[in-house]
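The following pair of complexes shares a single chain, chain A, combined with chain B in the former and chain C in the latter.
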Partner chain A sequence: MPREAEPSLSEKQFVLQALQENLRLDGREFDQYRPLELTFGDQYGVADVTLGKTRVLAKASAEVTVPYADRPLDGIFTIATELSPMTAPSFEVNRPTETEVLLSRLLEKTIRRSGALDTESLCLVAGQKCWSVRVDVHVLSHGGNLIDAACLAVVASLRHFRKPDTSIEGGVLTVYTPAEREPVPLSWLHSPFCVTWSFFGEEGEIAVLDATWLEEQVRVASCTISLNRHGEICQIAKLGGTPVEAVALLQCTSVALTKAKEFSALVDRKLAEDLKRRDKGGLMAELKAENDR
Partner chain B sequence: MTTTTGRPFVLPGETVDPSLVPTHKKHPLRLGPGLRHIPPSDIIPTVAGQLVTNPVKNSIWVEYNSQRYIPQPGDLVIAQIVRSTQDAYLASLSPYTASATLPQLSFEGATKKTRPMLSPGSLVYARVSLANKHMDPELECVSSATGKSDGLGPLTATAGTGTGTVFDVSLGFARRLLMARSREEGRVAVLEMLGGEEGGGLAFETAVGRNGKVWVGSESVKTVIIVGRALQETDRGGLGIEEQRRLVKRLIREMR
Partner chain C sequence: MTATTAPEAALGVLPRADGSARYSHAGYTVTASVNGPIEAQRRDEHPYEAHVDVIVRPAAGVGGTRERHLESLLQSSLSQLILVKNFPRCLIQIVLQIEDSPENDYANTKLVQASLNFGIMPALFQTSVLALLSAAVPMRATATATAVAIVLQDGTRKKVIDPSPREIEAAKSVHVLAFTSRDELLLAESEGDFTVREWDEVCEIAERVCCRSTVTKEGIEMMLDDEVADGPDTRHFLRSAVEDKVAADLHWK
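And now, the complex of A and B:
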């Protein structure tokens, strides 16, 4: 496995020197994100997030399985994160690096453990049949701040996803194809978003949002705050690194709330646009022979 | 098919029109990168790009933008020291590739006792002296003919007070920057503009490595950032001369 490419000494020094002078290499403000783009695929549940040079693709899928024996009334919801060598040559298949483990843990805590998806609604026949919803996260390009981009992609893909409609008649479960019945959206309770702060300087006095890959390699600590637009915090992860003042962290949280509101508005807007694009509407829709049932 | 510069565009495997191949009384025809001679008399491109000819030197090559840097003898590169061995430094020209060797005595005026001490991670501006297939490339920071450094050597900021960093650009853009007449041939004038009246006469120095790296040094951090961003945005957007002028003006205004 090739080792991760280290930045040179002058790059490391320069990033810090610039931050001391309130400057960033790409000319952003400290609390500014890189241009964020969200696109949906033709299929339901495919979301592609581009954040500067970082690109993450999330794909949601669902299948009917047997629920876990200890949770007969719950469906199954999993998030699979994979960093392939395509992301960077230092990542290897089947050998998770620290980045990958942290990414999947944080996504798990943010989206699954916060109850964003109502797993009870995935149950079809208690103890026998349930939906298993799975989101695959593919990191296509690593330009720093994977966590925020991946979290946004997963949330967007799940909100875009439609699972096939089902019915139970006389103990017989029928799963309808999209042609027979319009697929139904998941029962989604709230949309949590991750906002990652990076800290620089000897005492972590400089706090920066959305660090690039170079900045991530130089930072002394990082803190990921997950919250939804109502300001409900799902988790705060500050794993090691230099200690940071509690007051500074409080300030970070309040900025994170405004960012979470922005993300939420972006996802809502893009979903509405996508719905409009899919909705052919007009005379042709009314003249169609088949109806929506 | 021709591009905006009037140079024909070729695709791999195409036959090159014989009328485009230069002829010369004395010099033999020289094929540059991206072209291959298929005996007896066919010349075919192996990459997609612009076909460029030099009638004076009787040479022909394809100008293209590739991802991986392949060292060629005589190239000026910016290398990052990885570690030091007994008599040579190991330096990396691009990430995740085999490292190049830089003998500790190939610096200007270096002897066994007075050789520069370079720590891992420091940058040097060097020339590729040896590059063969299946072999690690070799670098030098001194001209073997004259014993002078010719501007090569460790990249440090001016006189200790300044600062500097390295920016990644595409290989094609680095080649354009290194052209003798970069404004006319390479259509890059962004550095001239930054130092000229559009940029308000910024003071900075640059070193361009063919491995897609540009080192920018200056007294002020702000100037380095402006120059670096101007270079990267020109590269990414494929900007023309007039767009570069607008970009420089915008960057200067933003950073004020």
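And now, the complex of A and C:
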């Protein structure tokens, strides 16, 4: 596979000098995201996020399996991130690159380990049957800031997803098909979002949000902050060799909180719109089997 | 979702690939990207012709032998279309990402191991041809594919064009046929029990779907009256999708 073409020296200089003069190549502010679009598919659990030239599709699915022997009371939750040559021809099938490893690790830390999905609620019969929820992240096009877009797509798809309804009567487990009973949503605890800062300059003094692919190739360090709209930080990953001042990082975190609130509001709004679109004739409330809390 | 929706297509949807297309029909949505001709790996390099690499990625779960089978079918028929001799030692890479496929509401699916069937083949085929056109890869001809299932209904064998997952499950046999724009048979794959006569009938139906000609008379395109819409007119659709894209791209002229 051909290697990805690196930007030329003059191209790098141009980007850096522009940043030093407080300018970005696409005319954005330093703390401004590219236009963000979120759409849901016809099926439950399909979310398509477009962030400038970056496009990520996430699809959630569930099936009944046997739980792990050491965790009999927990369901299984996996996030699969495999970058295909569709992203860029330099990616190969079945050979993970650094980008892919970083992406899957950050998503793992942000969504899985922060306990966003209650895995105990996925247990059906202790030690014997549980739900296995799987999210497939498909990166259709990589235009920079893959992590934020992928995280948003995964969170949106899981919140949109509905798993088949089940019931246990006299020790007999029944899984109802979508034709028999309306599927039920997952037990979702909080929605974490990733906000990635990129640092430029000798001492990393210029901090920029939502870097494009070109900017990502020029940056000296990056910092991914994962937090939910209540300001609870799930993880901070500071990558790249150049050290960044602690005060600057504190500032970055406070901006990240406002961005996380924006993302949260966007996902809530889009989910409500989608619900309205599906709820034709207002029959959804009657189809629901679950009780209001 | 109804299975009888009109096909939809968009070309050049991905900014970084050489060519790309998104096609949706009968509940299936597929996005394809084409990169090529690019440098081939040593193991794929052929001294006289380009290597065509087809990758089918299911929407959920990991691909298995079924996907590899579909890939090999697509690979062999697409390398017949592409002028591979023009690009020795090169690679033409086609990645097909399935976004949406109709689900069987009456059964809970096993998802970790994705298993595709022939129902998706027409969508995969049309998308890859559109993406190849969008990438301006030289081709001998374009081609269209269709799937036909023979379903046992009330004691009679009925032929269904673009069958739904439920119909495929109940079908006696499923057939995929592709025809080039010169009405030549390009691909014929079948699954299940059928007789030679049935296959002939299926072939006839598929030919009618794929090769329905819009006869040009003095510059006016006319549809033949006796062939009223059974199944979409795929070839005409392919043509108009590309025409629209070209018209939009050359708008400044």
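In the analysis below, the second predicted complex is superposed on the first by the 280 of 293 C-alpha atoms of A that agree within 3 Å, B and C clash if a C-alpha of one lies under 4 Å from a C-alpha of the other, contacts with A are read in each partner's own complex, and residues count from 1 in each chain.
Rule of thumb we're sticking to: a contact is a pair of C-beta atoms (placed from the backbone, for glycine too) under 8 Å apart; a residue touches a chain by one contact, two chains touch by 3 or more.
The structure presented is a predicted model; accordingly, all values stated were derived computationally and were not measured.
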Item to check | Residue contacts on chain A - larger count, chain B or chain C | outcome: C
Item to check | Partner chain in contact with A:23 - chain B first, chain C second, else both or neither | outcome: first
Checklist entry - Given the touch rule stated above, what does A:13 touch, chain B (first), chain C (second), both, or neither? => result first
Next on the checklist: Just checking: does A:63 make contact with chain B only, chain C only, both, or neither of them? Give me first, second, both or neither.
Outcome noted: second
Item to check | chain B versus chain C as contact partner of A:5, first or second or both or neither | outcome: first
Next on the checklist: If we overlay the two complexes on their shared chain A, which of chain B and chain C does A:31 touch? Say first, second, both or neither.
Outcome noted: neither
Checklist entry - For A:41, is the partner it touches chain B (first), chain C (second), both, or none of the two (neither)? => result second
Next on the checklist: Going by the contact rule set out at the top, does A:89 touch chain B (first), chain C (second), both, or neither?
Outcome noted: both
Next on the checklist: Applying the document's definition of touch, where does A:55 land relative to chain B and chain C: first, second, both, or neither?
Outcome noted: second
Checklist entry - Do any residues of chain A touch both chain B and chain C, and if so, which are they? => result 2, 89
Checklist entry - Which residues of chain A touch chain B in the complex? => result 2, 5-15, 17-18, 21, 23, 25-27, 89-90
Item to check | chain C residues touching chain A - in the complex, by the definition given at the top | outcome: 1, 14-17, 29, 31, 33, 35, 38-39, 41, 55, 57, 59-62, 93, 95, 97, 99-100, 103, 105-112
Checklist entry - Can you name the residues of chain A that touch chain C in the complex? => result 1-2, 41-43, 46, 48, 53, 55, 57, 59-65, 80, 84-89, 93, 132, 134, 136, 138, 140-143, 164, 175, 177-179
Next on the checklist: Taking the touch rule as given, give the residues of chain B at its contact with chain A in the complex, in rising order.
Outcome noted: 80, 92, 95-96, 119, 121-123, 155, 157, 163-166, 215, 221-222, 224-225, 228-229, 251, 254-255
